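Should a chain be cited, it is by its letter among A, B, C and D, assigned in written order, with residues numbered from 1 in that chain.
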Amino acid sequence: MKRIGMLTSGGDCQALNAAMRGVVKSITNAEKDVEIYGFLEGYKGLIYGNFTMLTGKDFSGILTKGGTILGSSRTPFKLIREPDENGLDKVEAMKQNYYKLKLDCLVILGGNGTHKTANLLREEGLNVVTLPKTIDNDLWGTDMTFGFQTAVDIATEAIDRIHTTADSHGRVFIVEVMGHKVGWLTLNAGMASGADIILIPEIPYDIDKIIDKIHERTARGSKFTILAVAEGAISKKDAKLSKKEYKEKMKNYKYPSVSYEIADILREKAGVDVRVTVPGHTQRGGSPCPYDRVFASRLGSEAGKLILKGEYGFMVGIKNREIIKVPLEEVAGKLKSVSADATIVKEAKMLGISFGD
Amino acid sequence: MKRIGMLTSGGDCQALNAAMRGVVKSITNAEKDVEIYGFLEGYKGLIYGNFTMLTGKDFSGILTKGGTILGSSRTPFKLIREPDENGLDKVEAMKQNYYKLKLDCLVILGGNGTHKTANLLREEGLNVVTLPKTIDNDLWGTDMTFGFQTAVDIATEAIDRIHTTADSHGRVFIVEVMGHKVGWLTLNAGMASGADIILIPEIPYDIDKIIDKIHERTARGSKFTILAVAEGAISKKDAKLSKKEYKEKMKNYKYPSVSYEIADILREKAGVDVRVTVPGHTQRGGSPCPYDRVFASRLGSEAGKLILKGEYGFMVGIKNREIIKVPLEEVAGKLKSVSADATIVKEAKMLGISFGD
Amino acid sequence: MKRIGMLTSGGDCQALNAAMRGVVKSITNAEKDVEIYGFLEGYKGLIYGNFTMLTGKDFSGILTKGGTILGSSRTPFKLIREPDENGLDKVEAMKQNYYKLKLDCLVILGGNGTHKTANLLREEGLNVVTLPKTIDNDLWGTDMTFGFQTAVDIATEAIDRIHTTADSHGRVFIVEVMGHKVGWLTLNAGMASGADIILIPEIPYDIDKIIDKIHERTARGSKFTILAVAEGAISKKDAKLSKKEYKEKMKNYKYPSVSYEIADILREKAGVDVRVTVPGHTQRGGSPCPYDRVFASRLGSEAGKLILKGEYGFMVGIKNREIIKVPLEEVAGKLKSVSADATIVKEAKMLGISFGD
Amino acid sequence: MKRIGMLTSGGDCQALNAAMRGVVKSITNAEKDVEIYGFLEGYKGLIYGNFTMLTGKDFSGILTKGGTILGSSRTPFKLIREPDENGLDKVEAMKQNYYKLKLDCLVILGGNGTHKTANLLREEGLNVVTLPKTIDNDLWGTDMTFGFQTAVDIATEAIDRIHTTADSHGRVFIVEVMGHKVGWLTLNAGMASGADIILIPEIPYDIDKIIDKIHERTARGSKFTILAVAEGAISKKDAKLSKKEYKEKMKNYKYPSVSYEIADILREKAGVDVRVTVPGHTQRGGSPCPYDRVFASRLGSEAGKLILKGEYGFMVGIKNREIIKVPLEEVAGKLKSVSADATIVKEAKMLGISFGD
């Protein structure tokens, strides 16, 4: 008999349902007597005891379904440790609900913030197994996170479409790609769509280098230039600011995001016609791509195996094409970024892609 | 022997290449001796004599290709009649190039502005055949314009993706859809994607009706609400402003577009978490959908027939599933909008969709 | 208070769920007190009283879902009037269930066979409203059936893919497209994908004309030829056979379908490398395209309106872009085929497409 | 100054153009003076001196284009060493053309057969660099081949579509997936689409186990069963046959492929309604998916680097997410198959997928 709590936390992404299906199928195929408590809207559901009882049937047919059947919410890590507006100690509340329901373990799907909280719960003595969910692919300890490849597909399709219109009109186009503070998504979508310039947080850009590249292309007869810009892209100048100075700058920031700032500067300094496109939340939505479905299913399957064996305190991840388990304390609080001298960056540069550095 | 000039003008869209391929195939299949002058970047190419000689081969394999192999540019109608910075009379320049090249006719693909200029050239005595290109579907005299259905597909896919993330997070999501001053694109994409609220220019909205609908949904247990908002959507209040008053308002307008204004008001007045997504230029790009490929090919085929018969001064369009010809003077300067009491609007309302009116 | 029976019959197709959602939403938005009896697996469910009670909620979120939540089955019309293996009179059984449940009407979604039975039930005194479902678009009385445009999209994508491989290898490729006894699907998918030869049942082909076209293409330097062949395509020779002679021929027919026969003859007579691809049932599956979603929703909405007004005995269809109602007795038993001298066929021929005639 | 010969051989697949673009971009960005000889239709072009001179421009804009701009052909390895119908020694002919054109090296893109010939040319003293192209992913020495992930996407979409129709009609559906003699493609597409049974060449099946699984599903209330069957799937019985016995069996084999045989047996032994769908060559065609575009670009970039450094005799591949070089003699003639006890197979089994073993 197993009593399993499950929750999805943080920004939603594709293949959350596929991963949960994997966990539940692998467990229910091995053991008849399983109770699944689905906590609603992330940690909130665990804090306030808001859950729904689920059976294997509820996880049937959701392999291809985007979103999460449990709902999700973002609760910043630092707020988790603070009492809520009614003075409730959230961590204690989660522990109490865990013990009250006599859970064997919690299955937690989420990204960086989620993993910090999951590790906290582990430290507090709860049995926890986690799965690496994020379109950003910035989780330490795993080569890949699910959601990422689907988001690459969506961002790539957007840039593909922009390509034909840029080509027809001879414009500079900026497509702003998600990815939080890391450049994986932008780097891959940019390479996949043949972007001419890729700007990522890990490689601060020099606006003059971007202008050089545009002029070089014009000189070579290319009528248009495509920039794939990470939402977290930063100029060399801004990268040198102290935290305080940066905050000061952002206080009066008049742009919706960095792409609009770059567009304005390019218009002024390079005299080009620039358009900005922001696919935004579409990058998190819809059916997961086949890669993510297989990957999330495999992760779910191995998470199920850990639970059946009673091995807790791990995130399941992938390393060299094999599913692995990584101790939660090694994962929590660390970020996996693109290295500025990573081989893939060098390969991209050999193809003629500029990083504005 | 036929000498045909061809140009694509205005914002690019899908199936421009498919339509040109149709024209050229139908003519070259019937007549051996054909010369095609492709003017580059819309009317600009005709004004400045910037063209490339094309053969049937150049139009092979472009049926599925987005954009336009001739390039495009926007030149507002009123500017067409004004001399350029060097004092050149643009209309005269176009006529001179037409006669110098001894063209039999011009094939012009474009939307509303393009048709005004095409009609002007007709009035000036040039032989003109036009094809109705625009994702807005706002051209008078034809049931449909090519590019429209593909744009519906793209906007629908965006809202589909937003649906899963809205569902997971329980938010209000606004997706801003193109369409210039008419609501066809938003209406169709909104109905296709199951949007809860559709705002179009032809039906000015009352923000309180929108809030009512959101609250009604919350009361019924729906955690999220999706708004498909046309880029030209307008509030009842703004719709009542005089042109001068509206201009005054827009002078200090702090929002990138109307969706952001609506979002702000909803946040404040309804206290909901609102996100805005703007698919933007992706709606004009990429490969045309099968519907548009067939439609543009048929239009091209019939345009070719007109040219072979020497019948000029027409736009080819579609009426009741048959390709027709419409005198250019009837088309130019008119707009085809959604009627507020159109049957399709009533049908949408019966499905529970609110138009905020 | 309304008591509505609903069933989907015949081969499944896309947008069945979208259409049912439309009916239910439009009725439940207008009237509180509605009971919906969903009969399972088509007429079978009505015959054997196999149904499930449904509410508005069951139809929420199914707009984009392929298949049918009610299941379907094919029961040939002539068998409907014969007793089943236990001697049950099926028509009487349907009537009894209808009266036993005190239904106000039946909503029936289906194609040609389905409409014959629906009309029979109408003649027997039952209140019936039908919706035109079929990827074949062969229903008389409506310009369009839902499912059709999605099937065009899928078949087109298949031919698009084949195009690149045909081009790389210099082969003749046959793609067999569904469509039962009419050529709408093949004609549209063929035109949309730039097929060189289109064979449809309505225009019997002469194999020598096909060979001529292939040779003509080779002579012009085209390495490959693509044939879009309807599953019901027929040679001029076979078209002249009497029913008996044709039956005799098919008795010893060694090919899985006509495409394989054509391939064999081309290999032998034209000495070319031929490959056959049959997308098959994929053409009926998956999410409906935006066009079909809007169309099916509109049909559903108007069907709901008829029911609310108590107007029965009609199929809802579309004519000149407006949703109409057509008396069932006019629809049943008639086929809408492509006319050999339809304008669209002539347009296709002008583009250089051969119909092998 | 570099003189580079390039050819694509074997069945075409997605991302061939992307890979060639990568090679050419990385070389031309580093070195001005480059001559590229594109041999047409694989080794044939090299044998008969059939080539076209290409520049960087020819490789611009082909990143997303399916097929191969050089054309391809299959020439079985054993035939390469035999003289052609005119007595021409093909290997000598290739060498002579190589030396006559004073090539620095050959860039060869292909699969298993292609690599055997490439290694032969290396043994004969030619400078060769190869890239691993095949939708089968069966090349030894690399974790992945390009084309594979796109083929997974296409096969998965086909099974997804079949899912909705199977669900509606309560049938057993077999989808036959490509993959030659290995099961990678079927395994991944099957897992991605939630197939219930996956049959691959590496795990011979027992038809009774398949029937058990179908019955087990029926007993649990599932109306349908989906089988993803590799084109090379084999029964335990057939797997035990000697080569001679197997040949004898196949001589009178009445089925187009193994799926039809399985379908027939299931119909007879299990009394179920079975349909077969064969997506066939669509699996090789169309635009490469973003994963393949990035991967092929990276391979091309690193192949370019090898050429610039004059390092020959290698295939570029990927290992643990880094691009590597593998000596050609280690690659040629070896097959990378799925191991019957691979972790991914165990994971699939935990999810409830039957392999019929």
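FYI, a residue touches a chain if its C-beta (ideal position, glycine included) is under 8 Å from a C-beta of that chain, and two chains touch if they have at least 3 such contacts.
These figures come from a predicted structure and were not determined experimentally.
Between the contact lists of chain A and chain C, the overlap consists of B, D.
Using mean Cα coordinates as chain centres, the one most removed from chain D is B. Centre to centre, using the average C-alpha position, chain A and chain B are separated by 35 Å. Our note on geometry: chain B versus chain D, Cα centroid distance of 42 Å, whole angstroms. Each chain gets one centre point, the mean of its Cα atoms, and the points for chain B and chain C are 31 Å apart.
Annotation for chain C: residues touching 2 or more other chains are 160.
Contacts from chain B toward chain A in the complex involve residues 8, 11-12, 14, 16, 41, 65-68, 71-73, 154, 157-158, 160-165, 167-170, 173, 223, 256, 275-286. Note for the complex: chain D touches chain A at residues 22, 25-26, 29-30, 61, 63-64, 143, 149, 152-153, 156, 160, 188-189, 191-194, 289-291, 293-294, 297-298, 300-302, 304-305, 320-323, 343-344, 347-348, 350-352.
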